[in-house]
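For clarity, chains are labelled A, B and C in written order, and residue numbers in each chain start from 1.
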Amino acid sequence: MFAPKTNPGNFFEDFRLGQVIRHATPRTVTAGFNVLYTALYGARFAVQSSDPFAKAIGYRRAPIDDLLVFHVVFGKTVPDVSLNAVANLGYAGCRFLAPVYPGDTLSAASEIIGLKENANRKTGIVYVRSTGFNQDGARVIEYVRWVMVRKRDEAAPAPGDHVPRLLVALEPGMLGDACPPIDTAAYDFALAGSPHRWEDYAVGERIDHLDGMTVEEAEHQLATRLYQNTARVHFNQFTEGQGRFGRRLIYGGHVISLARALSFNGLANAFHIAGINGGRHVAPLFAGNTVFAWSEVAYDPAVILDLDYWVLLPR
Amino acid sequence: MFAPKTNPGNFFEDFRLGQVIRHATPRTVTAGFNVLYTALYGARFAVQSSDPFAKAIGYRRAPIDDLLVFHVVFGKTVPDVSLNAVANLGYAGCRFLAPVYPGDTLSAASEIIGLKENANRKTGIVYVRSTGFNQDGARVIEYVRWVMVRKRDEAAPAPGDHVPRLLVALEPGMLGDACPPIDTAAYDFALAGSPHRWEDYAVGERIDHLDGMTVEEAEHQLATRLYQNTARVHFNQFTEGQGRFGRRLIYGGHVISLARALSFNGLANAFHIAGINGGRHVAPLFAGNTVFAWSEVAYDPAVILDLDYWVLLPR
Amino acid sequence: MFAPKTNPGNFFEDFRLGQVIRHATPRTVTAGFNVLYTALYGARFAVQSSDPFAKAIGYRRAPIDDLLVFHVVFGKTVPDVSLNAVANLGYAGCRFLAPVYPGDTLSAASEIIGLKENANRKTGIVYVRSTGFNQDGARVIEYVRWVMVRKRDEAAPAPGDHVPRLLVALEPGMLGDACPPIDTAAYDFALAGSPHRWEDYAVGERIDHLDGMTVEEAEHQLATRLYQNTARVHFNQFTEGQGRFGRRLIYGGHVISLARALSFNGLANAFHIAGINGGRHVAPLFAGNTVFAWSEVAYDPAVILDLDYWVLLPR
């Protein structure tokens, strides 16, 4: 009788290779985002905490946290890309292309770069390259993710069959310009919280970041709503209580931000995430669990996040 | 020995017909309110999310959410009007009269427009018209609510007996000017998240907004304190644990904002609440409960909120 | 093989009398801090709530809450002073020296003013004078605290033995200039929420602030992370579950801010904390507990905070 007005999300057979989706809800990220982000994770990197510190080394002011930019852009993609997802399988090639400052407005678009139906014909894997833009149309972030999405109708023909070649790792020349040229002489290592510079770290070094953080339902829900991420599994105990885990699932990005904040203790001068080579959520996280972090995480059974990323440190 | 310094709140016999109360605690609503409000409810309306989107269609910038204006003004009325309330019975004739932008300062006053003692002489119904003002003294919101308030002393004479005639519904000509003239041609329906315009909706249409949101104690407490609402039933488990429900009661306005945010899925272009004809909290909500929303809510036993309101959509 | 990069915190034998520590992570306190602070505690003092109210009486705009300044500065001292603390024993001589406004950047330093090993040789008491600065290097807050800190090595020689003479109470002449000269004639007592002025209060008067506030884990964690306070006992249920109390311990400053917010009901015009003579956390607080406040707290077994402070009220 009436045309349906709600968005059921796209199913696997709704996607087309090369399709470009402009996502809804541009978002002005004011200084208050930074405040709430600190309250959610407790990060202490001086560049994102202090306008004078950031200005001294070359930023216009304290920038919006790199991962907060990621979460806001990711959130916009959810209603179009992963509302009917079974699992978020991985990330690759995440580059931070331009600084984002309080007052900037983020919007997002995604291109479908791969589609592969699963053998059971019930689901398929969707590969998307998502890009975040600022109010001037400049690209601020770009990343690939792949996600397993349900089909609406098992019998529907598969929309193509193409698995893109993904970068195993970014090369240094591919890293973006989210960090302006830094005046290292103006970088105050005491205020930053550690004397350890780029040359103090060595390939193969493992850092146990020591501290643990127990997550509450209210915390991850506040965060995930802040990112305007609408994935239902994070918010609805009534439905999830009857589901796979019997619990609300915590947004994987919440874990990434917790791990990043914990990493301060050992990587205090790694003030900018220059790129994320790849990431996988290896196990689900639930409220009441306590998150710990290592700077090189091994594939052991208790691992919930495996993130391979570039950070920028002053020499 | 010492004059009491604490505010016990007004009891039924303390009110007088025609009395005007100037409420305490003017509040500057900065952009950070908007951020925390998003984290609490997850609303995605583009006008309130993005400065450029709001400017393009005619706002000075992204305005403060209509319901956030309501909550801040409502909060100010609590210490004077409903600290000794047994129940908040209803709202009527809520009009949004002028836009509220980050940086504006809200204050509030209420006029007692009706008083009716109950037959048991223990309580009475107080009808108030509350008005919110900005820093220039301009009215930004006006609404009527009625509330059952305890008497301090059963034997006290009732302070008059007058039941005001309340509007069943606002007429279009009564709606306020909180929304400036809109340049519909500049309204980007893709960024707004839905192609459905005013003419796509029909009288009698029912929309199930699909998603559910489970509420945590920390969330409704943060919200209700943000609004500087001091009603004790929301915060004190020690006392409420011994009371009627054995639990903290969630501020009714928290439910309204959750329902509004959920309504985005189906009403994404209904970017402004032009007026609230009436509303009743039909059942209490407690932490752990999951809120769902329909755009036309029926009087069925699981209903916790029945809100009849006008929204503004582009044609 | 690799130099350790993580900060284990200082142990008792690491401190030296007269040592000055510059703490890490300068923090720009934007208007959003004020918003989240209100959501966490619900304070209603008009000066901190409203720019026009604050301006009318002589402030540049609504200042950052005094205790929020305290918490941010305190948070910076934790990684250097109390990461290996057994107990935070007390505060003295806390003075608020200059107003802090949104946009100011706070940093902190501490001087070791006393050291006293305990007889068991396992711990010692460290006395520090901590000072907060703004971006111009002006002192905004100063206080002494003493804390019992573990030794790394029982056999290590004690680093001196000096117990400083602490002020029992500040004298009026010692109070700082965080409050500008006030135009009392412009102070609107109705908007402030109470008619009671300085001369209405009497020595010996006790005020029961009536209201109670139940604390949730998510709330104190959000607050303590906002302050970038890294004390492990507040965040890690995995470890604390096996510890002394079996629970996460709530940051003592959270209790101070709750008590201050509750004190509005009886002390609405006490808009500025002019100084804190001394304070002790007499018992731990845990999530689920409900906090009540009196303006003069007696040493009775249910007391969790005993704070002796100066407030400023208009005559």
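Here, a residue touches a chain if its C-beta (ideal position, glycine included) is under 8 Å from a C-beta of that chain, and two chains touch if they have at least 3 such contacts.
Computed from a predicted model, the values in this text were never measured in an experiment.
**Q** Could you check if the interface between copies subunit B and subunit C is built from the same residues on both sides, meaning over half shared, or from different ones?
**A** Comparing the two copies, subunit B and subunit C contact each other through largely different residue numbers, since under half are shared.
**Q** Fit subunit A to subunit C on CA atoms, both being copies of the same sequence, and give the resulting rotation angle in degrees, nearest 5.
**A** 120
**Q** Distance from the CA centroid of subunit B to that of subunit C, rounded to the nearest Å?
**A** 35
**Q** Tell me, which residues of subunit C touch at least two other chains?
**A** Counting only residues that touch two or more other chains, subunit C contributes 30-33, 35-36, 216-219, 222.
**Q** Touching residues of subunit A toward subunit B in the complex: what are they?
**A** 2-3, 5-8, 22, 24-28, 30-33, 35-36, 79, 103, 105, 107, 135, 216-219, 221-226, 228, 230, 232, 235-239, 248
**Q** Which bits of subunit A are touching subunit C when the two form their complex?
**A** Subunit A reaches subunit C through residues 30-36, 38-42, 44-46, 49-53, 62, 102, 190-194, 196, 200-202, 205, 207-214, 216-219, 222, 265-268, 288, 290.
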